[in-house]
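Per-chain residue numbering starts at 1, and chain names A, B, C and D are given in the order in which the chains are listed.
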Amino acid sequence: MYIRIAEKVMENPETVTLYFSYEFPSVPGQFVMVDVPGKEEIPVSLSSESSITVKAVGDTTQKMLNLGKGTIVGIRGPYGNGFKAVEGNKLVVGGGIGIAPLRYLVRWLERDIDVVYGVKTVKEFIFFEELRAKNVVFITENGSFGEKGTVIDILESMDLGKYDQIYVCGPEMMIASILNLFEREKILPLTQISVERYMKCGIGICGSCCIDPFGLRVCVEGPVFNGEILKNSEIGKYHRNGSGRKYVWKN
Amino acid sequence: MYIRIAEKVMENPETVTLYFSYEFPSVPGQFVMVDVPGKEEIPVSLSSESSITVKAVGDTTQKMLNLGKGTIVGIRGPYGNGFKAVEGNKLVVGGGIGIAPLRYLVRWLERDIDVVYGVKTVKEFIFFEELRAKNVVFITENGSFGEKGTVIDILESMDLGKYDQIYVCGPEMMIASILNLFEREKILPLTQISVERYMKCGIGICGSCCIDPFGLRVCVEGPVFNGEILKNSEIGKYHRNGSGRKYVWKN
Amino acid sequence: MLEVRIGDMVLENPTVLASGIMGTTVSSLNRIARVAGGVVTKSVTSEPREGFKNPTVVNVNCGILNAVGLSNPSAKLFAQELERYNGEAPLIVSLAGSEEEIPELVSFFPMAQGFELNLSCPHVGSMGAELGSDPELVENICRRVKKRTSKPIFVKLSPNVTDIVEIGRGAERGGADGVVAINTLRAMVIDVEAGKPILSNRIGGLSGKAIKPVAVRCVYELFETLKIPVIGCGGIITWRDAVEFLMAGASAVQIGSGVFYGTSIFKSVIEGIKDFLVRKNLSLEDVIGMAHRN
Amino acid sequence: MLEVRIGDMVLENPTVLASGIMGTTVSSLNRIARVAGGVVTKSVTSEPREGFKNPTVVNVNCGILNAVGLSNPSAKLFAQELERYNGEAPLIVSLAGSEEEIPELVSFFPMAQGFELNLSCPHVGSMGAELGSDPELVENICRRVKKRTSKPIFVKLSPNVTDIVEIGRGAERGGADGVVAINTLRAMVIDVEAGKPILSNRIGGLSGKAIKPVAVRCVYELFETLKIPVIGCGGIITWRDAVEFLMAGASAVQIGSGVFYGTSIFKSVIEGIKDFLVRKNLSLEDVIGMAHRN
């Protein structure tokens, strides 16, 4: 599908939200493959029914920051499983750009949600006004706003036992620490964690997004997995690039 | 679609009705392409929602007489436009095996129908019991049953003006005479006449069933045409074989 | 706005009826000529051909499979048929046969405005292979046909070759005024209930939706190398399909199996192309070959 | 009931995972091996290859178009990966590269139970053409690989040739234990809004539903001439599709794009074939090549 950018919002100097005048039939946690003119096609989560939010980390994402309103981009999807809604108390945990799909999730879950949202410095916060209306703990590593520390620091200080479900998205090292914490707390089964892997097809055939040891495809069986499935997986240990070559995460 | 012959009824020594345990979504006048194992694929009208009735005139039709119950035949279709129902007094005119689609039509129209049905000798009548329950004039050329003469003879003696619609199917020479008669009676616009042409695809692409001068495809725009369209056409004059070569009808 | 010129031939719009589709009688050609930019007849041979037994044409998943077997009443009888052509769009007569036969056929058709050489028939002599898979043969046939006529000639290319561009080059060297890509893909469908191929000829040619990406690729490759115009054909159903072919480099497009969806397909493709050009503020020339420039 | 023997290789059932589909990591191969009769890995080369930029795989009408570009982490790294293969079905390693490179790759894979030679990559030296379009070259490569291994080897055939049987014969002469037909059809899809080909590599390979009739025809033709087994591949989604291939002469079938419909496709094809055999009171041997006898 080729679709025009209807609106463009710079969330911070390195993050943009692109709005389309089209609502993707979707649930939060699902992603689309976005073909950026002149650059590559990359997977990006929906940050609402009709938007994506991208942080510039390389060539393609940088280019996306500079796409003008009205530009036509190629979009395939939505793909993947997405988050599942549950009844009861819910905690949403986001780190960095990982807040993008969680913003859609928070809108969708509507109530009984606490949010923990950590970034490095205050300038990185996005969807700030929207989230602030919710029950949110803002965290910065340098203490420039909200609590000082990492998301893990805060989670360790919280009573996680009171939540019926915990939703997580963020950098892989944060997820790795969270998996350890949740294991210690014996709450892995109550978690839904979104992860990222290198993707080509997005539709479950090329195999590039498979994670060890079960060969689960992040694009089909994921990107949202139960914490138990991820605990003894490659997540936090290594990942693969487009050739399938393994790269061990440097902590 | 491949479908099993559920029931087989010999209507007379050279005509068989094959019943399938499947009701074709169809209207009377539509036909199917029937692929007879070991022989050719030929067009045959539906004689009910779930049957075809075939007269042995050559290799393939002869073979069909001998197909056993349970045999699997290939069927494509239903194709073509079929008859249209109208309100009011209806006359159904059949000659020879042309009664096959008309039997389905008579069942479908249900009421306000007169039928004129002519054959050469009494042995040729098919669906006799079923039709006799209706208001039918049976005709034989040799007078062995019913009125003696041709269908035309009888039609000429009737008050055709009282009918709101006249449906016709039968041998091409009969149709040619009927077209002349209807023209004289100025009732061509009130007629629906089913014709036959050599067919290959049945789906409107090969062009083998096209009739001059408008290039109408019997398999798509037909086989049922308004009499006005047929009046100055090739019908009754010539037809083509599989190579497209013209053959002038010998009267 | 949609007029195209291919060699000396002017088409009012870039849609052309493909060979073998409603091309057996002049009245069906007349019918399509009222809308299409041009019409190509069913391929004709010097001798009459009954063709294969039915089934000869069947619907398959995503397309149509056919093995009609070049049925035609002979060039002589078909020429009589074509005398009543209404002339509402250029008439292209499709010729088939051996290297010797094809050039002989030209003189039968004074009413033709061009000829299309269908070289996808079995090569007399070298069993099974097609005339159209030998670039030298293609070149020679073109030369011989060109000697017989000053009207534009087009070579209909088969996709069943290792390198379609090589064959296209042969046509160009031989003086062809354009190539048409593509004819059908060799294919087969087996009925699992009957345990045998559905077509009486077993192997047939696949057309329709299924072959469009192959056809677009062929047009793209030919456009890159050839100087003569390329006419696209294969799986065109909507205006989008047609535009894809134009962007790949086709100067015009032929529609075959798409007629299954109705003879109004020409109208809808034409209108769709028009709307597209207006919406994008482009001319037809801008669009032709655009994918090579982007 | 569904066991097949191809050369020395015994498959518990005739469904095999096609190369390049979920074949990059051993864990995904392990996953499929639990159901399928065999698995083929992603093609591997001597040097690591990043492959083409995304988009490399897109859904098209009736199929999938891909130009992944043989991305792989190199034979050496991939062999390390495969050490953890669970052995639940024969593992066939797909090898790609030049005439010289391919035979060298064999020794990296002691865990392989067979090799598939993917000869559809550009022929080093003769620009653009594929190794797999030259029967002599195919014969030579097979001979060279056979010298390195006593395990069965299969040649994956390209349909983008004038005569696939000729290539199959080359493989047979070279000592191949079977051929796999077919790899993807050269194809292209252009996005009309952007005015350019969708794949970053522009031209890609078409797979899925669209190519099934072409693949069935190839298998049929190969079975008629070759003595070695033919493995069918191309557009298999349902058990009916698989049976069509068996009837055309395939001893086993590979499933690629069909995995799009779920990894359970193997199970459903296997169960469907079983039901069919029971219903028709036939053995697998009865069905293989049946369309040639009917």
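By our rule, a contact is a pair of C-beta atoms (placed from the backbone, for glycine too) under 8 Å apart; a residue touches a chain by one contact, two chains touch by 3 or more.
For clarity, every value in this text was computed on a predicted model and none was experimentally measured.
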Note = Touch-connected sets, chain D omitted, are A | B, C
Query = Which chains does chain B share as contact partners with chain C?
reply = none
Request  = Specify the chain most distant from chain C by Cα centroid.
outcome  = A
Intercentroid distance (Cα basis), chain D paired with chain B, Å = 51
Query = Using the average of all C-alpha atoms in each chain as its centre, how far is it in Å between chain A and chain B?
reply = 67
Note = Between chain A and chain D, the Cα-mean centres are separated in Å by 36
Per-residue overlap in chain A, given as positions that touch at least 2 other chains = none
Note = For chain C, residue numbers touching 2 or more other chains are 194
Ask   = Which of line, ring, star, complete and other names the graph you get from chains that touch?
value = line
Query = Which chains touch which?
reply = A-D, B-C, C-D
Request  = Flag every residue of chain C that touches chain D in the complex, lowest number first.
outcome  = 60-63, 65, 128-129, 133, 160-163, 185-190, 192, 194-197, 202-203, 206, 209-214, 216-217, 220-221, 240, 243-244, 247-248, 276, 287, 290-291, 294
Message = Taking the touch rule as given, give the residues of chain D at its contact with chain A in the complex, in rising order.
response = 20-32, 42, 48-51, 53-59, 64, 66, 68, 71-74, 77-78, 81, 191, 193-194, 198, 200, 256-257, 259-260, 262-263
Key: Interfacial residue positions of chain B with respect to chain C in the complex   = 2, 33, 35, 37, 40-42, 72, 74, 76, 199-208, 210-215, 217, 240-246
